[in-house]
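What follows is one structure encoded as structure tokens, with my remarks underneath.
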Amino acid sequence: MSAVWGRKVRYTIFGESHGVGIGIVIDGLPAGVMLDQTLIQREMARRAPGQSDLTTPRTETDAVSIISGLYQGRTDGSPLCAMIKNSDTRSADYAAEPRVFRPGHADYTGFIKYGGHNDPRGGGHFSGRLTAPLVFAGAIAKQLLTAAGISIGAHIAQIGDVKDTAFDPVAISETTLAELGKSGFPTLDLEAAASMRQAIHSAREQDDSVGGVIEAAVIGLPAGMGDPFFDSVESVLAHLLFSIPAVKGVEFGAGFALAGMRGHQANDSFVKHADKIQTATNNNGGILGGITSGMPLLLRAAFKPTPSIARQQNTLNANGDTEVLVIKGRHDPCIVPRAVPVVEAVIGLAIWDML
Amino acid sequence: MSAVWGRKVRYTIFGESHGVGIGIVIDGLPAGVMLDQTLIQREMARRAPGQSDLTTPRTETDAVSIISGLYQGRTDGSPLCAMIKNSDTRSADYAAEPRVFRPGHADYTGFIKYGGHNDPRGGGHFSGRLTAPLVFAGAIAKQLLTAAGISIGAHIAQIGDVKDTAFDPVAISETTLAELGKSGFPTLDLEAAASMRQAIHSAREQDDSVGGVIEAAVIGLPAGMGDPFFDSVESVLAHLLFSIPAVKGVEFGAGFALAGMRGHQANDSFVKHADKIQTATNNNGGILGGITSGMPLLLRAAFKPTPSIARQQNTLNANGDTEVLVIKGRHDPCIVPRAVPVVEAVIGLAIWDML
Amino acid sequence: MSAVWGRKVRYTIFGESHGVGIGIVIDGLPAGVMLDQTLIQREMARRAPGQSDLTTPRTETDAVSIISGLYQGRTDGSPLCAMIKNSDTRSADYAAEPRVFRPGHADYTGFIKYGGHNDPRGGGHFSGRLTAPLVFAGAIAKQLLTAAGISIGAHIAQIGDVKDTAFDPVAISETTLAELGKSGFPTLDLEAAASMRQAIHSAREQDDSVGGVIEAAVIGLPAGMGDPFFDSVESVLAHLLFSIPAVKGVEFGAGFALAGMRGHQANDSFVKHADKIQTATNNNGGILGGITSGMPLLLRAAFKPTPSIARQQNTLNANGDTEVLVIKGRHDPCIVPRAVPVVEAVIGLAIWDML
Amino acid sequence: MSAVWGRKVRYTIFGESHGVGIGIVIDGLPAGVMLDQTLIQREMARRAPGQSDLTTPRTETDAVSIISGLYQGRTDGSPLCAMIKNSDTRSADYAAEPRVFRPGHADYTGFIKYGGHNDPRGGGHFSGRLTAPLVFAGAIAKQLLTAAGISIGAHIAQIGDVKDTAFDPVAISETTLAELGKSGFPTLDLEAAASMRQAIHSAREQDDSVGGVIEAAVIGLPAGMGDPFFDSVESVLAHLLFSIPAVKGVEFGAGFALAGMRGHQANDSFVKHADKIQTATNNNGGILGGITSGMPLLLRAAFKPTPSIARQQNTLNANGDTEVLVIKGRHDPCIVPRAVPVVEAVIGLAIWDML
């Protein structure tokens, strides 16, 4: 495995940032599903570059061509192949030879792994652009999950040192998640959004970038989903979340904060609510013993700052010589806003796989 | 998948806490390896219960019987099955009927998932006891990795609100890791250890438990290991780490702290050191683009407090009736010290699989 | 993969012929199933050695110990580990050093693959004895399939040059399959059985062995099972059938005879029968386009003669020196009668996996 | 699994016969390989339709577009996606509504499996056209295997009742395999080829089709390849061979003929030849205990007659009504000649995976 993920549905991803195109093959979808094109377009648009002054000015329409797997507008049971052509490629931005290893990128590790044969243009297969087909696949997963009464949503929980308020771990509503989905910069606290935007602008003005945290929630999940020992809900979700370029931390429920708690604080008491078994608190983020409890599933993913920054950096080239690097190209000063639909997408893939 | 994990080597785990026994089948080991029994015994002893007044008084010798896969003391290329019999079982501790759902445990979710047929005694297959065969398998992985010049070590980074100093992310030494491996309560700062022990004692005296964080390091790794897009080093490690009961957060390198950083701080500059390409800092924890960089691999795993606490808790039983629960049994007031070799073990399995 | 097979259920096999024991871990069984011990015993007995003068006099009770996965007599959702101890081992029979490569066995290829570290006693992990845990697992699959209205049966279609009549490919009845299951030497034509027995006796008297063919049928299958492109019903069944030691050919429906047919003969016309869509003939053996048609599934597996024969053979040892080999040990002059439940078992595993 | 196959390399196939196109994603190729375009073109041409009066007049150039995975003409370590557009599609040939189930095809079983949503045009994803991307992938495997000293070749062993001579199981030469590869109708005996062509012509003249057998050989294999218990060389090869539409039987070495042999005839004696351990005969087809012996690997695959025949057939439609079917379209009276490179291709994929 590596370009292939999944059990119930198998996803095979392919493409390079500045090659012919990128895409995904989705094998195992139920037959007869009329794809929700509106949802697909909306999700693609949320991730697409060039949306605002906070994102890279690279413009890609990210129009998806369906090569196979659809017949008369419905899934036909055979593998669905979706392709997105690369249009706005500027290979000249990356033409240096010998290759210069950009700090924080996969340039060096990819060079070593593939003996210098990897496509260096825009990071090649390591580019964040590969998340576009994931978002497409995630939109299909979301459509299937919505039909099963399951909703996924997320907000920007932190940018730099600015924090949003957190989800109410017990009482997250579908309305809140739906509202967040409409925003290009989703936060629970609108003032936090303003400060976060300011933090991103400030980073850009200083030829710098900034990191952040995304908090996501899934509601409507049945209790009993997940396959420990090795395929706990946390394992499967974390596996996919850590496939997203720039994610360096993942936590569920109270996460790292649990380390500082006592058992009597951390334990979520079982209570009956409208004849349903629930927990009074939700420090475990809707997962007990690697299996869903029916409570809202809650997770947080930490993103490092975009490694492509305009300010001068010291580094090495493939000959081992010192280089002073000034990255030109077009880059997001903060990847987090565009990563929100990506996080939601991989959660969608993971949940559909486990359901 | 679920009881089976791995690609190069396949691990199949089985057993229940209070059944006949627990074990693991390891398929894909190289043939001709003379197992290092001393290492196996040491690792098993580090995880075993009943070591000190900080751990559960349940005594299990955890003696491993090899059923297959060894011939004349060496691996013979066929699947190695290792079994550990359960001896000190006290099923009566768990005999309640209808079942009472212990807060923070898998009792409720397992009940739902398996229609009430799961073995409730000591958590059954959900018990932390299942980590014993993992430690056995991890000891074999460690032996193989040591032969490849790779060392794994870990320390208790946090118990409750007491924190140890962190690994030096650039200059961790083999000596330090070896020293930590000899300790039953490994910390870098001895005074931190004393305070942590005090925090655990204090929790137990109050019929409570406490959580913590383990920080682990791997040194000697070659650059170029890992299989993105979907099997990044972070993905594979996190998958296994989140299989360990009680782990609720995982981060690599600076992890969640990266969210608060600027790009110029987070980026690790490439520098030449003794003719080797390294990075001057190591905020990425030895992983760039999902592939090892050759720098020390660094991760942290957050453990929630042991959910079994002696103090009175409100909960429900399988009929949905309210119960006031007082857990008797024998339980660790803090699982973290015994979890150190488990974290190291799963790291060993993951690294060997990717190498 | 190699010791692990399956998607819905994962089977992990382990053990050596003359080691401590053999066994299997079955992960993914539905919870709450009360195992049919009578069926398990019957199936194990059909495969067990020492049944008659036609089989090896090695006596193994093949008593199965359940190590895990059962609670109060029912499957509990966790991996079921079953072990069979080896009792009647005679390692001295195989003590030669340097190793002598028995013609037709895995002695040479296993020696090369495992660098001389494989267990040579009785073929080690390559022994036909490893089919015992498969038969155990197959009995569970049969029980589950019976509950779903699906029956599996088989007969000895050929021993040497003696042939049984073939199944009626359209009208196989459950009664016939049930009758065959009761026989230790199942044939449709009783006189064929007598001639076959004679052929086996004759081979043994001449210190020789003889091969054969098993024909199997599955009835009650729904139409629509199977996962082409790569996991056609034929692919999945053949994969498992070719795992059985000594199987060298597999065909479905009219199989190799189809090569000699014209299209108008080979095509099975669709007809309506009692309001159900069926085919008038069944040359395709119940599989069209890799998917079940609802007609009886029919296959045939060819077994080579037992390679262990008492007559003198020329061979080499591990030093490359010529040796004149006279195999002592205890061996079946024909493995086919004991292989009937094994063929049925792997069919059971495959069908349950695809259902 | 289903559209995805492989361990070392993962192949994901997609497309429908009369949709936008067909293709394959190949993940796990070594980086830095300059693809042998001549070999690829030759292999594609061998399989392509419209070659002669013996094949379907449908003309497809089968030009392969590489979407990803190549950089500067070499594999770059990321997934290689190859697409073939469909050009000469005539959907009108298949427009019947309600759908008419063509005997011998997947029309009925696909209809049931996918609830009537499968693409019926030309068999959709079930079409033999899907073997084109397999041949492309096989050409790459062949190139890699050739570099490792391994050659694959095949001939038409039987058409209807006309048989070619068989490979010499011990002394197959690279020259013979190379010669066969140059022929559009490869046989060892030229006169057999003439009779076979006559048999195909005769079938077509009678609005009929005819089946056949392909025998393949692999030479240059090292001893020790294969992963029993479950992934024996036979299992892996048969799995892929039975994915090829129309294959209904597979045998290795003497195959079904072994059923009629005595042990002393079937056993291949070990002998020393030029200081190499070989076997004097090769009834086991180069595989012992599921592992290669270093002798030529030999297998035979039986193909049923093309189910699409021009003569009138009785069948049913999706309403269950009787229909008299006359298939128009353009179809091969015998698929076997074009299937030779397909058989070689899947053998190439399987061998490279196990090497």
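Note that the chains take the letters A, B, C and D in the order they are written out, and that residue 1 is the start of every chain.
As a working rule, contacts are C-beta pairs under 8 Å (C-beta built on N, C-alpha and C of every residue); 3 or more make two chains touch, one makes a residue touch a chain.
The structure presented is a predicted model; accordingly, all values stated were derived computationally and were not measured.
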| item | value |
| --- | --- |
| Inter-copy rotation, subunit A to subunit B, in degrees (Cα atoms; steps of 5) | 180 |
| Relative to subunit C, chain with the most remote C-alpha centre | A |
| Chain centre separation in whole Å, for subunit B relative to subunit A (CA means) | 27 |
| Subunit A and subunit C, separation of their C-alpha mean positions in angstrom | 47 |
| Distance between the centres, which are taken as Cα means, of subunit C and subunit B, whole angstrom | 40 |
| Multi-chain contact residues (two or more partners), subunit D | 1-4, 7, 13, 110, 113, 125 |
| Residues of subunit C that touch subunit B when the two form their complex | 1-4, 10, 12-16, 19-23, 25, 27-28, 31-32, 65-69, 71, 74-81, 83, 110, 113-119, 124-125 |
| Residue ranges of subunit C in contact with subunit D within the complex | 1-5, 7, 11, 13, 101, 103-106, 108-110, 112-113, 123, 125-126, 130, 158-161, 203, 206, 208-213, 223-232, 234-236, 238-243, 245, 247-256, 258-272, 275, 277, 279, 283-285, 287-294, 302-309, 311, 313-316, 320, 322 |
